[in-house]
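First subunit A sits with subunit B, and in the next complex the same chain sits with subunit C.
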Partner chain A sequence: MNRLGVNLRVVAALGRRSVRQTFRRPQLFAPILVFPTLLLAIQTGGAGGAIELEGFPQVNGFLDFMLAGAMVQACLLAGNSGGIALAVDLEMGFTDRLFAAPISRFAIVAGRLAGTAALGAVTAVWFIAIGLIFGATIEGGVAGAILVLALVALSAMAFGGIGAAVALYAGRASVVQGLFPLVFVILFLSDAFFPANLMLEPAGTIAEYNPLSLIVDGIRELVVGGLDAGAVAEALAAIALIGGLSIALSAVALRRRLRLGA
Partner chain B sequence: MTGRVEVAERRFSLRGDMATVGLLVRRATNEILRVPGAAIPGVLAPTIFFLGLTAVFGGLTQLPGFTADEYQSFIIPISLLQGAGFTGAATGVNLARDIEQGWFDRLLVSPAPRPVLLAGMVASASLRSLIPATFLLVVGFAVGVSWPGIGGLLLAYFFVMGTGALAACWGSVIALKFKTQGAAPLMQAGMFVLILTTTAYAPLELLQGWLADIARINPVTQIVEAIRQGFTTGTITWGETWPGLVAMLALLIVLGGLALRGMNKTAE
Partner chain C sequence: MRAIEVSGLEREFEGAIRAVDGVDLEVAEGEIYAFLGPNGAGKTTTVRMLTTLLRPTGGRALVAGHDVVDEAAEVRRAIGVALQEAALDPLMTGRELIALQATLHGLVGAEATRRGDALLARVGLAQAADRRVGTYSGGMRRRLDLASALVHEPRVLFLDEPTTGLDPVSRKAIWEEVAALNREGTTVFLTTQYLEEADNLADRVGIIAKGKIVAEGTPASLKAEVGKPHLEIGLADGSAAQAERVCTAFGRRLPEKEGKVLVELEGGAAEVAKVVRALDDAGIAVESLDLVEPTLDDVFVAKTGEHLEGDIEQAPAAAEAG
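Coming up: the complex of A and B.
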């Protein structure tokens, strides 16, 4: 088998391990699915009247509007959980054993990111199912749902890169865990939960320039509006920006770890 | 003569029990002093939620029938209770850690009665919940939360301490059942659901679907409304306060009873 084939097998094996690990540990699994689902249910019931506000976009219901926010929230938390799991592997010495194996070091990180992307896809399926069960409509149809799945999986991978970079740099799960509140700061300063034009200032202005809003808008448009190539392209550009940056940071942190041996 | 000895023994026993509670509270305080970072999530998370929810959902006050002019004054009781909930749940996580490390077994074989051990943990959570509450109130007043008056402030602190105790009981129930720190999300999620399935985001009349039904029967709604009256109207009335007191007492009896049952079962 050629080198690429070996590395792809490593990525697939580590990705599978990462998904299994998440489902076996409630402390990794709960933030990805349980908390965003609870928040989605509570915010839909609590702030659902907002669709009557002047300036609120035309939607079938508040749940339709909120689905994209819940998916992106789950992606961010999946990235954070992936980082925590990687840091735990570093603390336990599992990653050191992988470093000693005759495989590409980047395949080790890529395996973790592949697992995070798979978890992102699982959350997308979960939220689409919840939305459909509770009366939301995916205006983009089946093609729109597939695009939502792809955007969410890619977003999870991009955010996973940030978690991986911090894990590789710090090597301690508690440090990556410390990013958890930051996830909500980024979310609240985007239009994940409410239209930016109706948010209080300065949060509304920040939300308009936050790249996360572009990702949310791309997914949301497929749910509430239909197939919109422009919105999807903008979302992909934002994902590429965040993903490129996070993967570059991961590579730097990995090289530093290998150089220093710690 | 026998009667006098019994009274003296009871006094000695009460003093001993109070000393045990005091020592357990001191141990929890030591944890804050030695690991200050441990208190940060309990302070930071509700503050971020308070500022974030105000910025995001502040426009809801424009809805007809909304009962407050500023959203920050409306939402602050939820953040105060969330802070207490996080702090109380942390007590459950600490108990699970003590069970895993065997320290709790040593407590159980001591002559201290089980209710006293539980009281020590609950009292420490109650006191610790004042830290996030005070921080939140300082931030809240800085961003325009209305002054609730001295009575309103004291009432808010009282309910915060009660909620810290409630969360500690809930955390202890879970810790004693699962005996692992891995059950931490369940401790946090339980309080999260209990506090947010109330009139957290909007008044009861504006809640939709199932949440309106749940909020109507959730006893924590009464606690939220009892705290909220001071921040939104500036006045405290007995009519708005007593349902909160009853709800708090009932929840403490139920969850405290379950925690005590868990302790007795652990000892068997």
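Coming up: the complex of A and C.
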């Protein structure tokens, strides 16, 4: 087998391990599915009347509006959990096993990100299923649902890059865990849970320029509006921006770690 | 060809801390080489450099004929590594870990499964293969770590403190497995804090202290450098002076210890029978007789002025506490 083949197999194997690890460790699994589901239930049940506000987007129901936010929240937390898991691997020396193998060192990070993307896809399926069970409609149809799944998986990978970069730089799970509150600050300063045009200033302006809002809008449009190439393209651009930066930072942090032999 | 060739190897960390300070060593193909030293001596740092996990800041090292810096990928293909603390994921099963290790070394499909199953059986983990590693005992974890390091049939096997913290039975099982691997042709480089491990297992021993090799050789030659065996003779009351006179013929008298007469045997252990006969002929009643060989600790003391035993005694307790 050639080197590329070996490295692709390694990425797949490490991705599978990452998914298994998440499902076997409740503290990694809970933030990805349980917390966003609870928040979705609480917000949908308690703030459903918001759709009556003047200026609120035209939607079939508040749950339809909220699904995209829940999915992106799950992606952010999946990225954070992936970073924590990588830091735990570093702390316990498991990554030494990988660094001592004849593979591309970046395959180790790519494997973790592949696992995070797969977890993103799982959350997309979960929230689409919840939405459909509780009366939401996916206006984009089957194609729209597939696009939602792809956008969510790619978002998870992009956010996973941030977690991986912090994990590789700090090497401590507690530091990556410290990002957890930041996830909610970034989320609430986007239009994940509330339309940016109805927010007070300066939150509204921040939400408007927050790239997370573009990702949420792209997913949301497929749920509440239908197939919208423009919105999907903007979401992809935002994912590419975040993913490009985070993965580049991961690569730099990995090189630094290998150089220092930490 | 030498399996390992190291010259002037150095590693300095931030703050001008020189963990490894000009190490020179050679390990022949098929040899078991033990790196013996206390905590912080530079053993693990040396192994991390030889296994390409840490770049040297000076000197040169070749493993399996490849430079650890310029040909790191070739080195990684040729080596198996079982690191300190048995860095295993407690959430994986033994079988999953072996399968992952096979993938890391480019083994796939039936060949990977066959190798994995054979190795799990070899280290006595076939029955526990589908259990999570978190449920394994310390000895089982070490054996799994050893099996995972062998999945690609490496030429050179690095074991960093493979038995630290293990009970005597588990330790012996690891020793037997390492010796068997060596008989099959694998070169083994192991670090240890245990004198007994180095003494029993290694063809040659390098003693390291404060980043430098202070002595190197076969266990027997190292011990021969620091002295000859001595007899410790326990006697009935009142006969010590007479026994000392008899024993003087066989070698230098050493200071008395716990009421026992100590005599260094100039002619080595072969003279024990003669000493016993001489004491018997003189009518001296011997209560106990112990032949004491020089140990690698004596070598360590002779070379560094410090005992290795203090660290060794504390190692298992520290490992359990951690």
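The rule is simple: the second predicted complex is superposed on the first by the 262 of 262 C-alpha atoms of A that agree within 3 Å, B and C clash if a C-alpha of one lies under 4 Å from a C-alpha of the other, contacts with A are read in each partner's own complex, and residues count from 1 in each chain.
We take it that a residue touches a chain if its C-beta (ideal position, glycine included) is under 8 Å from a C-beta of that chain, and two chains touch if they have at least 3 such contacts.
Because the structure is predicted, anything quoted here is derived from the model rather than measured.
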### Message
With both complexes superposed on chain A, which partner does A:A203 reach: first (subunit B), second (subunit C), both or neither?
### Response
first
### Summary
Comparing subunit B and subunit C in the superposed model, the one touching more of subunit A is B
### Message
Just checking: does A:R25 make contact with subunit B only, subunit C only, both, or neither of them? Give me first, second, both or neither.
### Response
both
### Message
According to the stated criteria, A:F184 is in contact with first (subunit B), second (subunit C), both, or neither; which is it?
### Response
first
### Task
For A:F94, decide between first (touching subunit B), second (touching subunit C), both and neither.
second
#### Entry: First (subunit B), second (subunit C), both or neither touched by A:L53
first
### Task
Could you look at A:L38 and tell me whether it touches subunit B, subunit C, both or neither (first, second, both, neither)?
first
### Message
Quick one: is A:F194 in contact with subunit B, with subunit C, with both, or with neither? Answer first, second, both or neither.
### Response
first
### Task
Check whether A:A150 is in contact with subunit B, with subunit C, with both or with neither, and answer first, second, both or neither.
neither
### Task
Under the contact definition given at the top, report the residues of subunit A touching subunit B in one complex and subunit C in the other.
25
### Query
Contact residues on subunit C for subunit A in the complex?
48, 51-55, 73-74, 76-77, 79, 81, 83-85, 87-89, 91-92, 96, 99-101, 103-106, 108, 132, 148
### Message
Applying the document's contact rule, which stretches of subunit A touch subunit B when the two form their complex?
### Response
25-27, 30-31, 34-35, 38-39, 41-50, 52-54, 62, 180-181, 184-185, 187-189, 193-194, 198-200, 203-204
### Query
In the complex of these two chains, what residues of subunit B are touching subunit A?
41, 44-45, 48-49, 51-60, 62-63, 71, 182-186, 189, 192-193, 196-197, 200-202, 206-212
## Note on the structure
Given the complex, residues on subunit A that touch subunit C span 1, 6, 9-10, 13-14, 17, 20-21, 24-25, 89, 92-94, 96-103, 259, 261
